[in-house]
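In what comes next, chain A is part of two complexes: it sits with chain B in the first one and with chain C in the second one.
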Partner chain A sequence: MTGGAPILSRRTGFFFLLPSLGFVSLFILFPFVWVFYLSFTNQTLTGVTAIQSRLVGLANYHRLLDFETWMTSGQFGNALRISAQFVVGSALIGQALLGLAIAWAFYRWRGAFREIVYTLVILAWIIPDVVVAFTWMAFLDRDRGTLNAILQLLRLAPVDWLIQQPVLSIIIFNTWRGTAFSMLLFSSALATIPPSYLESAEVAGASGWQKFRDIILPLIRSHILTDIILITLWTFNTFTPFLITGGGPAFKSELVSIYTFRIAFQFFEFGRGGAIAVAMMLINLVLALTYLTILRRQGVRT
Partner chain B sequence: MAWQAAPFARFHLNSFVMAVGITGGQLLFSSLAAYAFARLRFPGRDILFLVFLGTMMVPFHVTLIPSYLAVRWLGWLDSYQALIVPWLVSAFGIFLLRQYYFTIPTELDEAALIDGCSRLGVWWRIILPLSQPALAALAIFAFLFAWNDFLWPLVVTNNPEMHTIQLGLAMFQGRYGTQWTYLMAGTVMATIPGILAFLLGQRRFIEGITLTGLKG
Partner chain C sequence: MARIMLENVTRRFGLVIAVDNVSLPIIDGEFFALLGPSGCGKTTTLRLIAGLEVPTAGRVHIGDRDVTGLPPRERDVAMVFQDYALYPHMTILDNVGYPLKVRGVGRREIRERVGEVAGFLQIAELLERRPAQLSGGQQQRAAVARAVVHKPQVFLFDEPLSNLDAKLRLEARGFLKHLQHELGITTVYVTHDQAEALALADRIAIMNQGRIIQVGTPLEVYRRPQTTFVAGFIGNPPMNLVPCRLEVGVDTAHLVGTTFRLDLTSLRDRLALTLRDGEEVILGVRPEHLTFCGQGDSFAIPAETYAIQPLGAECVVILLVDSTTLSVRLFTGEPPQQTGRVWVGVNPERILVYRKSGELVLG
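So, the complex of A and B:
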């Protein structure tokens, strides 16, 4: 599988890799190790502990996982629960399902309408965070927002979305924001399925749902899993909702990523922030391994 | 008006320097590394490749604090180095280009090597020109990422002189929150470069995503 002349060229190989290796070591591998160390110290940005930090053992972790208080407002367990709702709502139900639905709807429908829908969905994905956050704040605004204007036309009572339904708001926002990736991945997967498969099913009298369930779904199963792995991790780690709700009101939409930021860069407690970072990494690892195991099992079966 | 209310020219310049620096660096370093992984054989190659792939799994929030401390220790806070250098290498870029290099026939490399071309020459004269579609895809991903990034500039720049357009716009929203016309103007200015980059390379961008879904 290796191309080129089979030369055992250690020097040439390292010459090509040297710059990448240097940067990756300095800005990913080294910080990766350092964050473990940090999580056992009381390092802060200012004050005495900024200069003379010391090892505090598991104190940061104890504080994080203090089961007396951890589900209360503004604590780690609470952030974890909100993140779980956010991932299930916006990644699994929102982006993956909607992306699949759009890709399937346009499976055999080329032309202008498809181009318009695809372009709009992709635009929602590539516009800068700050800009979409601002647009969504304007859309959801209580007094002058577009959504409440529509509700009023329908003679429904206006809702202060960002105050009364902060989690639902960021779930819908993130679905709108990120569906493009799933849509593109699924439509490239569907493009590999020969139309003749579906035509023979139609001759046999299969309904639309039957065709989807019995032909399409088994053929794109590995794409679905790849998609779910990536968007679950991305959604779990995203920081953008901070720009809309700031984690509030009263920590009601504080995701784990926002919680980390608050502890580390608003309270400047790097040791505690490090402990949260380590916890986040473990959660990422568990999620990734779970999916990879499922992927491998599926691979054996097919 | 919005132009006078905040130094938007400066914000744009900063974003532009950051985005171009990151894009250039990722193209250069990722293509070099991808060449080594796709074409050279040396001890430890496969392990190293796995390490690079593994770094894609490390969320940015995990390395955020130590990266910040490293940048501060280097004395780089409020500088272009701080905005650019940590992002010069992308594991995703290396992966994308390596996949693409496998589609280039190795006979081309071999012919050039027999004619006395060096490895570096093969990379520069044969591989790079032939992988333009993949390089274009990576360039768009890198530019969009850098132009739209918010959290890292927020953490490493304090001085408004070094703010990027996204950061400047967020501050501007806070300060002129009720002046919708200013906000709209600023918003449009921050959006256009990204959309332009996307429109210029739309096809490549989508091909890039398709490559991600392929089995390696």
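So, the complex of A and C:
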């Protein structure tokens, strides 16, 4: 398609683009702008402000970032802290590390065992949220949960996981849930490394760890960064843990996404909800830009 | 420096026998080539010596050590891979110095020793570059430098020249042979290129279907190929192999083809010793041992000129004899005067006779 005149004139081309532009505007651009607008109002679903909402300037943001109270339970700062724990625990340490470990363990391993492990990991990834959440509640339940049944079998005291360890519970849940993506990404990255690289390192005298550090890691560095960008954003925005702990007990596992939901759709304070949503978006943007900058610098270096 | 001993080594991959009961002593300091068509097991044999494969049966010795169960890094060998396996993210300095780095040698000493080797291999000015910035020949030298740098007991080469173009390949041949001679390190060299094996090696093992068919010096395997497989593999063009029938009389012997009848009476007793009258045999004769001659010569075969290939120093003429072809090599470089219907003479001193099954019985 180089050179030659375009098949359609610009005007006809634009005409064909119209339907999709319309959908994009209606379902993506408009809600986005609308949320942005809402965040500067005191709009609610019920009450006086439902009918007579008005612009309140930055009041919603002030309330969000009220540093006197924001780390207290049920506030934005608290949710942010829990989200940070959740992202570091389940995305970076959990999914990325475990995914890399599985991919590395099965590198150049063919056969039934690898297929079984891969299938199980991928199954955990593709089962619908609600089913998975129910399964985990059944697994972690205090009285009839599978995990406590196992603990009792081992003569250990049962733990009320969802009450006593809500953050740990959702971290492990999300690790289990999402490792497949990192595993697949890393195993395809590893597959691009010629076996002779590792063999020559082996003959040269490198140990397993040296091979990993000197050959594998530098060669899949950009894959690692890409993986981390994606799973950080996904994990930061995920809402599924709500189905397991409901953000509780007493907001102990209330992630930012759950906090947004509570303010906007349980308290029906759309204005405040909009402000949180905008804040979340900004955090996502900063994360993404940071990673992309690192990635670009990597690209320049190699 | 060390000798290498393979003792009844077998390597199976599922149902496939890649290396089949191979026993091979490789002498300390020699340049040893493993030669064969693709899939013959030569690379697997090399990898068994390196420790990248573990034998299904048999033992591998390097020096005085039984290394059969040892991982590559405990064998003190160095290997140059077909694709060189230079790490793209490291400079040439780091690549060449890697075997030293993993041995815990200090940064300054690495720099020193790499500099030494790089000077010897004429890549000293490339040390700060990355592999992608080097030409094929330079990459090859860098890969060799990485193998040399920690002074291993054994060098292993897996078709190191096959990624180079024809001209560079000839250059690299000379360089490798000189290098090996200088260092005197036992070297095992895998190749499918018979000319490369002949040019480089002190001794050659020709492999086929996982087995060693013949081991010998380049001249031995060239002059007396033990089987028709070796005869057809070594030499360019390879040996002419013509199926015919032996007729042994009371004191006469003839090789009879569809269009010729060669008088081999001078060899009658030696032929009668192992072959029966009327037995199907294969006549083997090198292209350089055929000459154009006059009609009716008792050692002559009638033929039809098929193609003439002047190569400068020599001239190769392809002839049709019935349905098979014969190559004739003329060292004068001049193409033959006659074309069309010609007669080629066979020197009975230079012929080899093989059984129909392929093994050598006379020569």
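Note that in this section the second predicted complex is superposed on the first by the 288 of 302 C-alpha atoms of A that agree within 3 Å, B and C clash if a C-alpha of one lies under 4 Å from a C-alpha of the other, contacts with A are read in each partner's own complex, and residues count from 1 in each chain.
We take it that a contact is a pair of C-beta atoms (placed from the backbone, for glycine too) under 8 Å apart; a residue touches a chain by one contact, two chains touch by 3 or more.
A quick note: this is a predicted structure, and the numbers were derived from the prediction, not measured.
Trainee: So, does A:157 touch the first partner chain B, the second partner chain C, both, or neither?
Mentor: Neither partner.
Trainee: State whether A:206 touches chain B only (first), chain C only (second), both chains, or neither.
Mentor: In the superposed model, A:206 contacts chain C only, not chain B.
Trainee: If you stack the two complexes on chain A, which partner ends up touching A:194: first (chain B), second (chain C), both, or neither?
Mentor: A:194: touches chain C, not chain B.
Trainee: Applying the document's definition of touch, where does A:112 land relative to chain B and chain C: first, second, both, or neither?
Mentor: After superposing on A, A:112 lies clear of both chain B and chain C.
Trainee: Between chain B (first) and chain C (second), which does A:51 come into contact with in this model arrangement: first, second, both, or neither?
Mentor: It touches nothing on chain B or chain C.
Trainee: After superposing on the shared chain, does chain C or chain B touch more chain A residues?
Mentor: B
Trainee: Which chain A residues lie in the overlap of the chain B contact set and the chain C contact set?
Mentor: none
Trainee: What residues of chain C sit close enough to touch chain A in their complex?
Mentor: Residues in contact with chain A: 50-52, 71-73, 75, 77-79, 81-83, 85, 87-90, 98-99, 101-103, 146, 150, 156.
Trainee: With touch defined as at the start, can you tell me which chain A residues reach chain C in the complex?
Mentor: The touching residues are 194, 196-197, 199-207, 210, 214-215, 218-219, 302.
Trainee: Can you list the residues on chain B that touch chain A in the complex?
Mentor: 28-30, 32-33, 35-36, 38-43, 45, 48, 51-52, 55, 57-70, 85-86, 88-89, 91, 94, 101-102, 106, 109-110, 113, 119, 123, 144, 147-148, 150-151, 155, 166-167, 169-170, 173, 183, 187, 190-191, 194-195, 198, 206, 209-210, 212-213, 215
Trainee: Spell out the part of chain A that touches chain B in their complex, as residue ranges.
Mentor: For this pair, the touching residues of chain A are 2-10, 12-14, 16-17, 19-21, 23-24, 26-32, 34-35, 38, 122-123, 126-131, 134-135, 181, 184-185, 188-189, 222-223, 226, 233, 236-237, 239-240, 243, 257, 260-261, 264-265, 270, 273-274, 277-278, 280-281, 284-285, 288.
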